[in-house]
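One structure below.
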Amino acid sequence: MTVDERLAELGIALPQPGNPVASYVMAQRSRSLLFLSGHIAKRDGVPVVGTVGGDVTREEAQQLARQVAIDLLSTVRAAVSSLDSVRVVKVTGFVRSAPGFTEQPFVINGASDLFVDVLGERGQHARSAVGVAELPLGAALEIEAVFEDVAET
Amino acid sequence: MTVDERLAELGIALPQPGNPVASYVMAQRSRSLLFLSGHIAKRDGVPVVGTVGGDVTREEAQQLARQVAIDLLSTVRAAVSSLDSVRVVKVTGFVRSAPGFTEQPFVINGASDLFVDVLGERGQHARSAVGVAELPLGAALEIEAVFEDVAET
Amino acid sequence: MTVDERLAELGIALPQPGNPVASYVMAQRSRSLLFLSGHIAKRDGVPVVGTVGGDVTREEAQQLARQVAIDLLSTVRAAVSSLDSVRVVKVTGFVRSAPGFTEQPFVINGASDLFVDVLGERGQHARSAVGVAELPLGAALEIEAVFEDVAET
């Protein structure tokens, strides 16, 4: 099964890749590595503002992280010839955390699980999750990633 | 035009590369990739202390980010044979943010724009910008980067 | 002297590699690069909760960082054939900081110095250290790293 077929099976439609909110690009390649810019939480294309553990529940945040992972895949697909040759290498999740909120791993699992659901073993990755005080536009979370394009020599 | 010529045209003199404030090196190479340590905001070589959106305005912070980018280029030049063979791959900006300050992208544009001004298309990069509560020495911002040396096989 | 001999000389026994607290793996390789997940501060295998500069002193935190570096080495050894062919490339330290605590570099030196003690010149690395508001499980610090396996082509 190709990744596109797997996405269809999961009922996931990749959105149009987003545009950066500033002076950079959404993904930059260095040989076989693809570095992805931080993608913030959005719902229907609109940033979701709030602190996790405050105005955003951990379950809502996990769903937001899943959507960010879909957005990241959309950016990857625009940068490579095919999603069938990519692997996830590293994910870093920044969670805008209310004081005392310590379940950043639970939140970022929304992204990690999506990658494994879609890419199988090639979706497995190293990861860090941290809690930060502020994020661009007040977004509830921001996730960046490093992918590898195994087709690239 | 070489990068050194372009720097001269922009009136930018690269400073002496800084020294780490602790037990590490300013840049470490892995094959064609060059990983740069976090460089903090300085003015005339002295750390600029404060929170952005608090005692440091967003415009001041953007200028500080531009200077950090110049410092990063200085570190790169000390590590490679020539700036003419380098590309920026990834930039991560940590902005020490006053509560409610959400314009980290505007601030880090000061660095991103400098890289594109100096390196042209080779200055384009993926990027994350986040707001943190505290930074070394109380600095207002800290920026790290990954460069590629295309001359390296 | 091999790295295992050097570890013995320093009286350091590598623990069993830890398990992730969520949906990811502790290390993921991309060709010669090994990306390590964020490892949190532990004492006798139990997360150390607190803020540095608050309930955890900077000296205690430096010792915790040293132990995290040992845990990272343990993860590396499980992922590669031999510690004799690895180099540290990049370290990122997230310190859960009490308000006004700005000695993140001093804290993360505990990890940096351990790497150089064990690996010598191959332990030298680029580094960033930042202060964050919250970390998984309330841990006092979290450190991630990029290693290179020079045996890998």
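A few comments on the model shown:
Going by the order they are written in, the chains are A, B and C; count residues from 1 in each one.
Here, a contact is a pair of C-beta atoms (placed from the backbone, for glycine too) under 8 Å apart; a residue touches a chain by one contact, two chains touch by 3 or more.
A quick note: this is a predicted structure, and the numbers were derived from the prediction, not measured.
Think of subunit A turning onto subunit B: fitted on CA atoms, that turn is 120 degrees, to the nearest 5. Shared numbers divided by all numbers used gives the overlap of an interface; between subunit B and subunit C this overlap falls below half, so the copies present different residues.
Taking each chain's centre as the average of its CA atoms, subunit B and subunit C sit 24 Å apart.
Contact with two or more other chains is made by residues 33, 92, 132-133 of subunit A.
Interface residues of subunit B facing subunit C in the complex, by the touch rule stated above, are 20-28, 30-31, 33, 35-38, 92, 94, 132-138, 142, 144. For subunit C in complex with subunit B, the residues that touch the partner chain are 32-33, 87-92, 95, 97, 99-106, 108-109, 112-113, 116, 124-133, 146, 148.
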